[in-house]
Amino acid sequence: MEVRVQNIRKEFGRFPALDDVSLDIRSGELIALLGPSGSGKTTLLRLIAGLESPTDGTIFFGAEDASRKSVQQRNIGFVFQHYALFRHMTVLDNVSFGLKVRPSSRRPPAAEIRRRALDLLELVQLSGLEKRYPAQLSGGQRQRVALARAMAVEPNVLLLDEPFGALDAQVRKELRRWLREIHDRTGHTTVFVTHDQEEALELADRVVVMSKGAIEQVGTPDEIYDQPVSPFVYGFIGQSNCLNVTLSRGEIWLEDRPIGLRAANEPDGAATLYFRPHDIELIDGCGGCLAGLVTASRRVAGTRHLELDLGKAHPSVEIELPPERASSTDHTRVAFRPTKWKLFRKDGDVAAAPQLVEAPASELARTGT
Amino acid sequence: MAFRSSTRWRFRQPSVIPGFGLALGVTLTWLTLIVLIPLSGLIWRSSGLGWSNFMALVLDERTVNALTISFGTAFIAAVVNLFFGVVLAWVLVRYRFPGKRVIDAMVDLPFALPTAVAGIALTALYAPNGWIGSLLEPLGIKVAFTPAGIVVALVFVGLPFVVRTVQPIMEEIDKEVEEAAATLGANRYQTISRVLLPGLLPAGLTGFALAFARGVGEYGSVIFIAGNLPYVSEIAPLLIIIRLEEFNYPAATAIATVMLFLSFIMLLIINTIQSWSRRRYSNGA
Amino acid sequence: MALDSSSVPTAAPSKLVKAATSETRIARLTLIVVALGFVVLFLLLPLATVFIEAFRNGPVEFATTLRDPETFSAIRLTLIVAAIAVPLNLVFGVAAAWAIAKFEFKGKAFLTTLIDLPFSVSPVISGLVFVLLFGANSALGPFLQKYGIHILFAVPGLVLATVFVTFPFVARELIPLMQEQGTSDEEAALSLGATGWQTFWHVTLPNIKWGLLYGVLLCNARAMGEFGAVSVVSGHIRGQTNTMPLQVEILYNEYNFVAAFAVATVLALLALVTLVLKTALELRYSDEIAASRRH
């Protein structure tokens, strides 16, 4: 089912947890709410569930205004970070609970409830454990019971609050792949909250990046990674470097030197330059480039990470190179130029010229000298 | 543990901390002198009675009546305490209202107030001319000097047990569990009756058993309000004292032994409930 | 009355949807009324009665009865018995907790159960066992009589019965607390060269002092208020072997109600002081008092 969040505002006391948030969730999609703690992602999820009620704004399930319904009436499936299984009930009783508490007019017969619960346990690969108690299961198994329980009510939308947060790394990876499979098979509209970008980018059809109670960007994992629309997204997703630069006559300057990047049609003034460590090329002899002294060099899997000192006034910059190219550059001066980059204006976090300033650096390199 | 099989049997695990011998020595000596020797003295004296003699003393009609009254009234009082104790714990854990802290502290009053004081105060309240007794008298309800009075006194002494065993468990209930029930469509009544209360069952039963065990042995608060009519409102501990004052040591010993035996069974039941619930539910968070 | 469910953090209550995890206002109100009614009926009214009955004939008579020499001697005896019994159980409690909490040994669970045993024995039986042990017709009786040693119907008997009844209090408070604290502090002190006693005085004792005080408080309240057990061993000799609770009984049975309640007020005040101190300790030092009581 399609879920539309319109102009939602939520205050706890005086503190605004969400400020004028709108989001369209398409039917059948798997969408991630990603952000640091305190960004409002869990609050948004709980508002969709009906566990909190908005200070302002509306939530639609399909064409229906769901914000006037209680959590019981919304028919959603919610999976909690710490599973929240009923510990005095067996696995089977946990999964059947949602069907058993229905009023008798809508309640399936007992045999049907049992059959459906067992089917779901098979789906989550827990057949044979239906008589166990939650205390007798591992963390990963408990979370799968929690998912089966949430799916048993055939929810309009499946909501997962940091579903893998309490699990260790190995199990987390496994469950991630498995959740994607389940989603592809059942097709539930699914929203999950995470602070783990890797999890969000790997798993979701679309990612909603949130910060300070507002949505920063909504997009596919590719869009989020390749075209961040704000310094926050640039900084939060993946690695990035940021440098304070100035614009003058369409050229980007670091202190008193042009760095060989052009931003035509941009008004003069201060700006911040963002680029990712791997989006660079090394340059021999430097007229218009960034250059710095290598202060540290680390081998990370297939690449070498170099930390560069560009001068006292700037934070150190990290670049990634193929190891064979970097080995000769220890404790030496390295000149390079970003191949993909983005400028944001100082005042406010609004991107000044996101698309315009982006250009293949090789062309600019020639003109920059 | 892997090393257990490879090394010889040892009484204690090695430790760098000193003082084990001294501490355990003091503990065992004191335990033996104060508790074990006196209690085994009772068992020894009662075994000296011989089985048929012992049974005759225990099956004496007045004794059977006294035991029935003690256990019956303690059971009723524990049931009352189970119900009100859970309600009181719920209110103290979940709601805010003026004077909550004072009420919470007051719950332990029966632990702190000497039983004799409680006994005379309850008697004064429930006597036909007391505040509550005078209200009940026109309705034809007599409390003081009847078995109902015993129940009232035992409700008083047993009150903290259920509250104090249930309260911490109730505080630990994860809010997510209630929310999970709500997202699955359970209304508030269903959430409480099917999810929350069953989770409190082991603690509630433990509290019930503790209140019951305490009620069976209670003496001070009961004797003032009970009226102490043989066969009607005479409790077993009082009968022990009466037999002692008659220098009828065999009878006193026999009654005491039966009570002791039944208390041990209660203790066993309490431990069983706790280990059963620990095995099944712990680590369930 | 300002009613509010403490489990709901929402500051601005919803006008649209009822909260997911709270009861209706009526249900809440009903439960609070039931619970408070129960507390008033079974706790507050009895407590109030003690004071009201004591002052029934005015403060003068109240003061006179308290100045009665027999009452005075009862107060003195109660203090003496508690002053002997409580320190004995304090030493025992610390020793038992040290052995049980700091070491792993066979039969530990069984030992813990034995320590709890006096809690599940009727107070009357607690007295009876000493009568059977030291009474005239016991094995020890003739021996004691020969050498003129008075245990029953004398202070030693009262002390023994009181020690028995209050036996588990301190140990029970300290064991979970010391188990939770573990042994790393002590190991650190020993590794720095402290002796065993130094470790105990400077490291362990400061860690458990509030828990210890808490246990002593409860132990003392029970020691001063015990009725059933001391009633069996005291012999009720007025002015000699009557503790305060026994004095209350005697006065009451003589229909001297005002005097009985006057003595009872002293005990009720003791209970109130205990409750206040106990609550203060729980609020202030909750993490230094046994984990089982934390709330």
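Going by the order they are written in, the chains are A, B and C; count residues from 1 in each one.
What we mean here is this: a residue touches a chain if its C-beta (ideal position, glycine included) is under 8 Å from a C-beta of that chain, and two chains touch if they have at least 3 such contacts.
For clarity, every value in this text was computed on a predicted model and none was experimentally measured.
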Taking each chain's C-alpha mean as its centre, the one farthest from chain B: A
Result of counting contacting C-beta pairs for A-B and B-C, higher pair: B-C
Cα-centroid distance, chain A relative to chain B, in whole angstrom: 55
Centre-to-centre distance between chain C and chain B (centres being mean Cα positions), rounded to whole Å: 15
For chain A, residues contacting two or more additional chains: 50-51, 71-72
Chain C residues counted as touching two or more neighbouring chains: 20
Residue numbers of chain B (touch at least two other chains): 179, 182-183
Chain B to chain C touching residues, read off their complex: 11-13, 15-20, 22-24, 26-27, 30-31, 34-39, 41-42, 45, 84, 87-88, 90-92, 94-98, 101, 103-118, 120-122, 124-125, 130-132, 152, 155-156, 159, 167-168, 171, 175, 178-179, 182-183, 188, 191, 213, 216-220, 224, 236-238, 240-241, 244, 249, 252-253, 256, 259-260, 263-264, 266-267, 271
Touching residues on chain B, where the partner in the complex is chain A: 174, 176-177, 179-187, 190, 194-195, 198-199, 201, 280-285
Chain A - residues contacting chain B, complex: 49-51, 71-72, 75-78, 80-82, 84-89, 97-98, 101-102, 133-135, 146, 149-150, 152-153
Contact footprint of chain B on chain C as seen in their complex: 1-7, 20-24, 27-28, 31-32, 34-36, 38-39, 41-47, 49-50, 53, 88, 91-92, 95-96, 98-100, 102-106, 111, 113-118, 120-125, 128-133, 135, 137-138, 160, 163-164, 167, 183, 186-187, 190, 196, 199-200, 218, 221-222, 224-228, 231-232, 244-246, 248-249, 252, 257, 260-261, 264, 267-268, 270-272, 274-276, 278-279, 292, 294-295
